[in-house]
Amino acid sequence: MGIANLQSIGLVIDILAAAILVTAFLIVSSRNLVFYIRLFAIQSLLLGVVALLVVVGYGEMHILIAAILTIVIKAVAIPLVLTKIIERIQVQKEIDFSINITVSLLLCGGMVILADSVAQSILSVQRPDIPAVSRVLSVSIAMMLIGLFVMMTRKKALTQIIGLLTMENGVFLSGLSITYGMPLIVEVGIFFDILVAVLILGVFIFRINKTFDSISIDLLRSLRH
Amino acid sequence: MSDWPQLRLLILIVTVTGYSLGALLPPILSAIGRSRLHSGPAFDTFARNFGFTSALVSSLAGCALSISILLAGEPLHVEIQNTLPLGGMAIHVDMLSGFFLGTISLVGGAVSVYSLGYATELLQRRNMGFFLFMYNVFLLSMVGVVIAGHAVLFLFVWEGMSLATYFLISVEHEDPASRRAAFLYVVMAHVGTALLVVMFVILYSFTGSFDFATFKGIGSRLPGVVPSVVFLCALIGFGVKAGIVPLHIWLPEAHPAAPSNVSALMSGVMIKMGIYGMARVFFDFLGPTIPSWWGLLVLILAVTSSVLGVLYALMEHDLKRLLAFHSIENIGIILMGVGAALLFVSLGHAALAGIALVAALYHVLNHATFKGLLFLGAGSVLHATHTRNIENLGGLIRTMPWTSFFFLIGAVAISGLPPLNGFISEWLTFQALLLGFHIPDLAVKIAVPLTVALLALTGALAAACFVKAFGITFLGLPRSQHAEGAHESSPTMIGAMGFLVIICLVLGVVPGPVLFVVNSLVGALLGTNAAGQVSLNGGLLFVPTSALSSVAPTLLAGLLIGLIAIPVAAGLFLGGRMQKRVAMTWACGLQRIEPQMQYTATGFSKPIRMIFSTIYRATHEIEISEESSPYFRPNISYELKTESVFLKYFYDPALTLLVASAHLLRRIQTGRIQSYLAYIFITLVLLLLFAR
Amino acid sequence: MSTVLFTLLLGLPIAGTVLCALLRGRKPLEVVTVVGSGLTLCSGVWMMWKVITEGVVSSPQGWWYADGLSAYIILIVSGSAFVVALYSTGYLRRQIRNKKVDDQQLWLYYLLINVFLFTMMLVLLSNNLGFLWIGTEATTLATAFLVAFYERESSIEAAWKYVILCSVGITLALFGIILTYFSALHVVHVSGNALLWSSLIQVAKELDPGVLKLAFIFVLVGFGTKAGLAPMHTWKPDAYSEAPAPISALMAAGLVNMALYALMRFSILVNRAVGEGFTSTLFMIFGLASMAVATPFILAQRDFKRLLAYSSVEHAGIIVFALGIGSPLALFGALLHLLNNAIAKILLFLTVGNVQMAYDSKIMRKVTGAIKVVPVSATFLMIGVFALSGWPPFGMFISELTIISAGFSSGAVVQVIAFIAILATIFGGFIYYTSKMVLGEPSAAAKGGDAGKWSLVLIGLLLLALLVLGVSIPPPLKMCIECAVNVFKG
Amino acid sequence: MTEIAPFIAVSLLQLVMIVILAPLVTGIVKKTKARFQRRRGASVLQPYYDLAKLFKKEVVIPPVSSWLFRFTPYLAFSSTLVIALLVPTVVAPVPLHWMGDIITVIYLFALVRFFVALVGLDTGSAFGGLGSSREMSIASIVEPAMMLAIFSAAGTAGSTNLSVIVQKLSTTPEAMLNPAHLLAFSGLFIVTLAETGRVPVDNPATHLELTMIHEAMILEYSGRYLAFIEWASQMKLAIFLALLSNIFFPVGIATVLTPWAVGIGVLAFLFKIGVLSLVVAAVESTNAKLRLFRVPELLMVAFILSLLALILYFIIGS
C-alpha cells in the first residue's frame, strides 16, 4: 500500500487511541458496575480494531491472532464472565468512591501529561525504520496509570479487576504502537495468563462474597502491621 | 631447641581440642542417657565429670602455652587455609595474648574444678549436656579472642563468646529477671560488636586485609580523624564488654543471673577481654602517635566507673550483685592505668606509660584471681543457703570455716590491703599516676590529682563495702533458717577456692616473677624504653623516680606475721594469767543476743548513703499495717530503693522512644489494598521523575 | 545433550503436575512430588556442573538458556523445593490428623507445588524475556490458592491482596520488557531474536540508554513487587503469615530468589548499556529502604510468621543493597547471602510451623516456654534466629561481613553504617520476641506435640548446612558462586 | 646496709620512740585536757598503769565470736609495729625505709581498721556494728584526704618514700613555705583528729552510745586483748603526730648517724610531739563533739583542702 494509506491508517489509529482514552476516562467517571464492564468491553474492542489496522497497514501478520484474541477474550469472554459474576452475586450496582469524580478526572488529566512526557522521552530515540505513533504511546502509558488509579480509588473487588485489565490494555496498546506487538507465542502466553488471572480472581470474588457477603474490599482489612 | 615451635603448636592444639571435646561429647552422652532412662543419671554424671575435666586439662595446657610464650618472647603464628571470601584465618599468640591466655587458663582451670562439685545440684534440674557445651564453648571462645590474629576470626569468637554467655545466663530462664538480664546482655553485646565491625572494616578499607599483622602501627598511616573514629569505636565496642560506666547496665543484671561458676568466669575473665581488645587496638594498632584527649577521656570513664561502681556496690544486699558492681569498680581501676598510659604515650613519655600499663595489666591478673575467688565463695554460700540476700545470712564462719576464710582473703585482696595482690597493683597505679607530676601539661596536672584522689576514695569505700559484705554474711548470728542450715561445700569447691587463695598470696607476696614478665611484655608493646620500668631486685619492688619510692612486699608480709610474735611474747611475760573465759560480755547489758539485734547491712551502709545522698537519690517507703493497735505493729515493711541514673535518664527513654516510633511507623501497613497500590503508584511516578 | 537437561528441568515438574492431577490418595502424591523435586534438584546439579565446565548452555533453537547465574539460582530453588516437599509430607500428615486438611486440599496442595516449581523453572531457564514474564505471572497464579489454602477469611484476604498487587507489578514489568524489545529492535535485525537474552546481551552496548533506563524502572517496580522490596512489599506479611508453613518457606526461599534473579538479569543488561551508576543507585536506595521499612514491624509485632515475613523483606533488601555496591566481592557476598537466606528462611518457617501447631496459635503473646513444650523445635528456633541475625558460627555472619567490607572499601561508608545499625536494631527485636517465646514457663495455650523425628532431622540438617557455610565455604560451592559472579562482569 | 649494728640500733630507736612513748603522749593529752577543765587530772603515766593492769586481767571472750576476735589484737599490734618501723621519727632515712612508703603506711592502717571493724560485727552486738559502720564511713573520706595531703608533700621530694620526703624537706626548708603545704597541713591535722578518734569527730573518753565510734567496736574486748588494741591506738596517735611534725616541720631531724645529730634529733622529736599533743588537747577542750552526720562535712573539708593542696602543688610546683 502507498504512503498515503499508511498515513491515513496512522490517522485512524490516532483517532481510535483517543477514543480508547475516552473510554478510560468514562470508566473513571462512571458509577454503574454494569456500565463499567460494558465500557471495558468497548475499550477492548477498539483495541482489537487498532491491532487489525496494524495488521492491515504494516502487514504484521502475527498481530492478526493477537487482534482476534483481544476481541474474543477481552471484548467478549471476560466481560461475559464478569457480568455472570455480578448476576450470580446480587451486589448493588452502585460503585462507591474514595475520591470524588471531578478530582479523579483532574488527577487523570495530570497523569496523561506525565504519560505524554514519558512517551516523548522514549520516542526521542525514534529511528526511521520504526514509525511509532507518539500519541498512541502516550495514550497507552496514560491507560496504565489510569488503570492503577482506578484500582486505588474504587472499593469494589470487581472494579479492581477492571482496573487491572485496563492496565493490561494499556500495555498491549503500547506494544502495538512502538513494536507492532510482541512475538506471537509471547502474546499468546500473555493472553493465557490474563485469562487465568481473571478466572482466579473471579473465584476469589465468589469466596469473598461467600465469607463476607459483600465484595467491598473495605472489609479486607483484618491483616495489618 | 629446634622443635620448640612444634611443641608449642602441639600445646595449642591440645588446648583447643580439649575444650572442643569437653563441649561436644557431653551433649551426646546426656542424649544417650536420656534415651535410656534407668542409666540416665549415671550418664549425666559422667558427662559432667568429663566435660569439666577436659576443660581443666585444656586450661592447664593453656597455662603451659602462655608460660612458654611469655618466657620465649617470640610469638607463635599459625595460618589456617580456608575458602572464606575475606581471606584466611590466622592465629597469632604474642606476649600480650599470652598474658591474657594465662589469666583465662588460671581462672578457667580453678572454676572447672569448682564446677565439678558445684554443678551437682544443677545436674538434677538442667540439661547437663547443653550446659557443658556452652561452658566449654565459652572458655574456648575466650581463648580464641586472645589468640586470634585475624579480624574475621576475632569477630567470630567474640560473638561466639557473647552467644555462649547468653545461653549460660539464661540457664535459670524460668526467672523473668534472668531472661531480662540475658536479653539486656545480648543486645548490648551485639551493639558493641557492631561498633567493632565498623572499626575493623575501617582498618580493612585502608589495608585491604583483615590480618592483624597489617594493622600493626597503622595509626600513623591513617588520615585525619580516622584514628580517633577507630579509637572511639574500640572504646565503646570493647567498653560494653568491659562494663565501663555508662555501658555497664547489663553487668549487675547478668552476673547474678548466671550460675556462680559462670559469673566467676564472666566477672573474672570475660570482662577483661574488653581490656585486652583496648590494649590491642590502642597500643598495638593505633600506635605511639595519638592525641592526648584519648587518655583524658579514658581517665574520666575510668574514674566514673570506679567511684560509681563501688558506691552502688555499697547499697547492694544481694551478694552477687554487690560483687558485680565491684567488677565495674575494678575495671575502672584497670582503665586508670590504661588511660594514664595513653596520656603518657601521647605526650611522649614511654617510660611512664610503661609503668602505668604494667599496673593495669597486673591488676587485670589480680582482679581475675580474687574476683573469681569471691564469686566462687558467693557461689558456695548460695549453694549452702539458697539465698543471695545477705540480710538473711550471718554466722557462716562457724558452719563454713573454709569458705569464710577464703572469702576473707578475697575481701582483703580486693580492698587493696597489704600483703595481698590487690595492694601491689593499686600501689603501682598510684605511683604511675603520681609520676604524671613530672609532665608539664595543664590537662595532666588537673586530671592526675583528681584521679589519684578518686582512686584513694575508691579504695577506702571498697574496704568499707567488704567489711559489710564479709561481716554481715559470715559473722555474728544467723539471721534466717537459710543461714542456720548452712553446710561446708564439697572438697573440689574448697580446693578450687584454696588454689585461687594461694595465687592471690603469691601474687601479693612475691610479685617479682610475674611483674618481670609483664614488664617485658609492655616493652614489646610500647617500645624498648618502656621496658623494665618497674624494676625488681631481691623482693624489692620500685619505680624509678627522681628519688626512689619502693615497697618490699615479701619483707612486709614477713614482718606482719613475724612481729605477731612480739605481742604474743608480751602477753606471755607482761601478763601473768593467760587463761581465757568464754562468757557473756557486756553486749549492751542484755541477757542474750538475738539475731534481730544485730546491725543490718542497710544500717551499716546508712552513713555512706547519707554522705553521698546526692548520687544515690535514695527513696524509701514505710508501710505500716494499720489494722492492729498503734502500740503493736506486727508487720512494718520498709523498702529502700536507689535508682540507676543511667537507666532512668538514658536507656529507658531511648527504648521508649524507639518502640513508640516503631508503633508510629507501623501505621504504613494499613491493611487497605488501595493504599498499597498507592505506594506502588507513587514509587513508579517518583522513579519516572527521577529518571528524566 | 543440553536439550536433555532442559527437558529434564522443565519436564520433571510438568510430569509431576500431570501425575498429581491424575492421582489421588496421600501416598502416591507424596511420592510423585518428592521424587519429582528430587530429580529436578539432581538435574539442577548436573546443569550447574555443565555450566561450570562448558560455560553458557543453551538449547538449539535458542528458546532455553542457562549460565552460571541461572544455574546457581536453579540450584537454590530446586533445592528449596525438594526440602519443602520432603517436609510437607510429614506436615500434611499431622494436619490431616488434626482434621485441619481434607483430601481435596491435599491433592490441590501437591498439584500446585508441582505447578509452582514448573513456573519457577520456566522463569529461570527461558532465554526469551517474554517467557520470563509469563512464568513470573504464572508463579503468582500457581501460589494464589496455596496462600488461600485454609479457607479462612484472613487467608482469602491475603490471597486477594497477593494476586492483585503482584499482577499490577508484573503488568508494569511487562511494559518494561516491551521497552527493552523496542530499543532492541533497532539493533537486532531478526525481530524474533530481539527478546532473546542471548542476543540482547551481545548488542547491549548499542541499546539506547534513555529507553533502557525507563525500561529498568518499570522492571524494577514490577519484579521488585514480586521480590518484596519496600514499598512494594506490602503483600508479603499477609501471604507468608496465612500460607501453610512449608509454602511460606518455599515462597521465601524460591520465589524471592527467582524475582531477584530477574532483577539481576536486567541490571546486567542495563549496566552494559547505561553504565554502573544508574542501577546501583536504585538498588542501594531500595535495599536500604526495604531494610528500614522492615525494622519497625520487627520491633513491634504480635505474629511470629509476620515477623519472619518482614525479615524476608529485610534480607531481600540486604541482597539488593549488595548488588548495588556491585564490586565482585559484594556480588559474591550477595549470592552467598542468597543461599544463606534461603536456608535460614526454610529452617525458621518450618520450625515456627511446628511451634504454631504445638500451640495452635501464631500470636506471640500466647506462645511462651516453647523449650519445655517442643524442646527440639524451640532450640532450633532459638539458634536459627541467631543464625538469621548474622551471628557466628553461621553463614550469614560471613556473607554480611563480606557485604559490609565490600561496601566500605567501595566508599559507601554512610550507607554501610546505616546498614549495620539497622541490622543491630532488628536483632534486638528478634531476640526479644524469640526469648519470650522459647524461654520461661509454658503458657496455657500449649498443647504440645513436636514434629516427627525425620522432620526434625531435616531441620537439623539445614542448621548444620548454615553452620558449615559459617565455618568455611565448600570449594565446589565457591566455584558455583564465582561462576555466577562472572556472569555479571561478562 | 653494710654494717648491721647501726641498722639494728636505729630500728630499735624507732620502736622505742613510738612504742614506749605512745602511752606517754596519750597521758600528756589527758593531763592537759584535765588542766583545761580545772582538774588536777591523773598522772601523765596513767596510760602505762592502765596497760599493765589490763595485762594482769583475764580475757573474757563473748560466746558469739570467731577466731577473728582472738586474732585481731595481735594483727593490730604487729601492723602498727611495722608502721613504726617506716615512719621517720628521729633519724631520716630510717633503716627499713625501702620496705614501704606512705601508701604502704596508710594501707597498713586500713588493714588494722578493716579487721577491727570486722570484730565489731563479730560479736553480734548492735554496738559493735554501729561502731564499725561509723568507723568505715568516716575512714572512707579520711583515708583519701590523708593520702592527698601527704602526696602533695611527696611531690616536692619526687618520691612517696617517707624518709626521702623528710630528708628532702629538711635539707630544703624553703620548700615548706608553700601555700600547698599549708593547705596540706591543715588537711592532715583534721585527718589526725579523725583517725585517732579525737573530739570533734569522736570522743575517746566517753562510752555514750550516740557519740562513740572507735570505742564501740572494741567494747567487748577485755584483758590482754584490750591492752593490745589500746596500745595500738595510742601508737597510732603518736605516729600521726610524728608524721605531722616531721613532714611539715622536719627541723632538727638527724640525717647522719652521729651520736650528736641523733641526740638533737631525739630532743627535737620529743619537743615537737609534746607541742603537738598540747595542741591536740587544746583543740579537744575548746571544741564540742560534732553530731555524727555533721562529721562528714568536716572531713569533706579536710578532703577538699588536701585535694586543693595537691592540685595547687601540681600546677605551681615548688
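Details
By written order: A, B, C and D. Residues from 1 in each chain.
In the analysis below, a residue touches a chain if its C-beta (ideal position, glycine included) is under 8 Å from a C-beta of that chain, and two chains touch if they have at least 3 such contacts.
Because the structure is a prediction, the values reported are computed rather than measured.
Here the largest set of C-beta contact pairs joins the chains B-D.
Seen from the C-alpha centroid of chain C, the farthest chain centroid is that of D.
Separating the centre of chain A from that of chain B, both taken as means of CA atoms, is a distance of 71 Å.
Taking each chain's centre as the mean of its C-alpha atoms, chain B lies 45 Å from chain C.
Spacing of chain B relative to chain D, judged by their CA centroids, is 36 angstrom. Distance between chain centres (mean CA atoms), chain A to chain C: 31 Å.
Shown for chain B are the residues in touch with two or more other chains, namely 666, 669, 673, 677, 680, 684, 688.
Chain A has residues 118, 121, 148, 151, 160, 217, 220-223, 225 in contact with two or more other chains. Among all residues of chain C, those that touch two or more other chains are 160-161, 164, 168, 172, 214, 237, 297, 300. This structure has the following touching chain pairs: A-B, A-C, B-C, B-D. Partner chain A is touched in their complex by these residues of chain B: 666, 669-674, 677-678, 680-681, 684-685, 688, 692. Taken in their complex, chain D has these residues touching chain B: 52, 55-64, 66, 68, 70, 73-75, 77-79, 81-82, 85, 96, 98-101, 103-104, 107-108, 110-111, 113-114, 117-118, 120-130, 132-134, 136-144, 147-148, 151, 154-155, 157-161, 164, 168, 219-220, 222-224, 227-228, 292-293, 296, 303, 306-307, 310-311, 314-315. By the touch criterion given at the top, residues 128, 130-131, 133-134, 137-138, 140-141, 144-145, 148, 151, 153-154, 156-161, 163-164, 167-168, 171-172, 174-175, 178-179, 181-183, 185-186, 191-192, 195, 208, 210-211, 214, 237-238, 241-242, 297, 300-302, 306 of chain C touch chain A in their complex.
Contacts from chain C toward chain B in the complex involve residues 160-161, 164-165, 168-169, 172, 213-214, 217-218, 220-221, 225, 231-232, 234-235, 237, 282, 293, 295-297, 299-300, 329, 332-333, 336, 371, 386, 389, 391-393, 397-398, 401-402, 404-405, 408-409, 416-417, 420-421, 423-425, 427-428, 431-432, 435-436, 439-441, 471-475, 478.
By the touch criterion stated above, chain B contacts chain D in their complex at residues 395, 397-398, 412, 415-418, 423, 427, 430-431, 434, 437-438, 442, 445-446, 448-450, 452-453, 456-457, 459-461, 463-464, 466-468, 470-472, 475-477, 540, 542, 545-552, 555-556, 559-564, 566-568, 570-571, 574-577, 579-588, 593, 595, 597-599, 603-608, 610-611.
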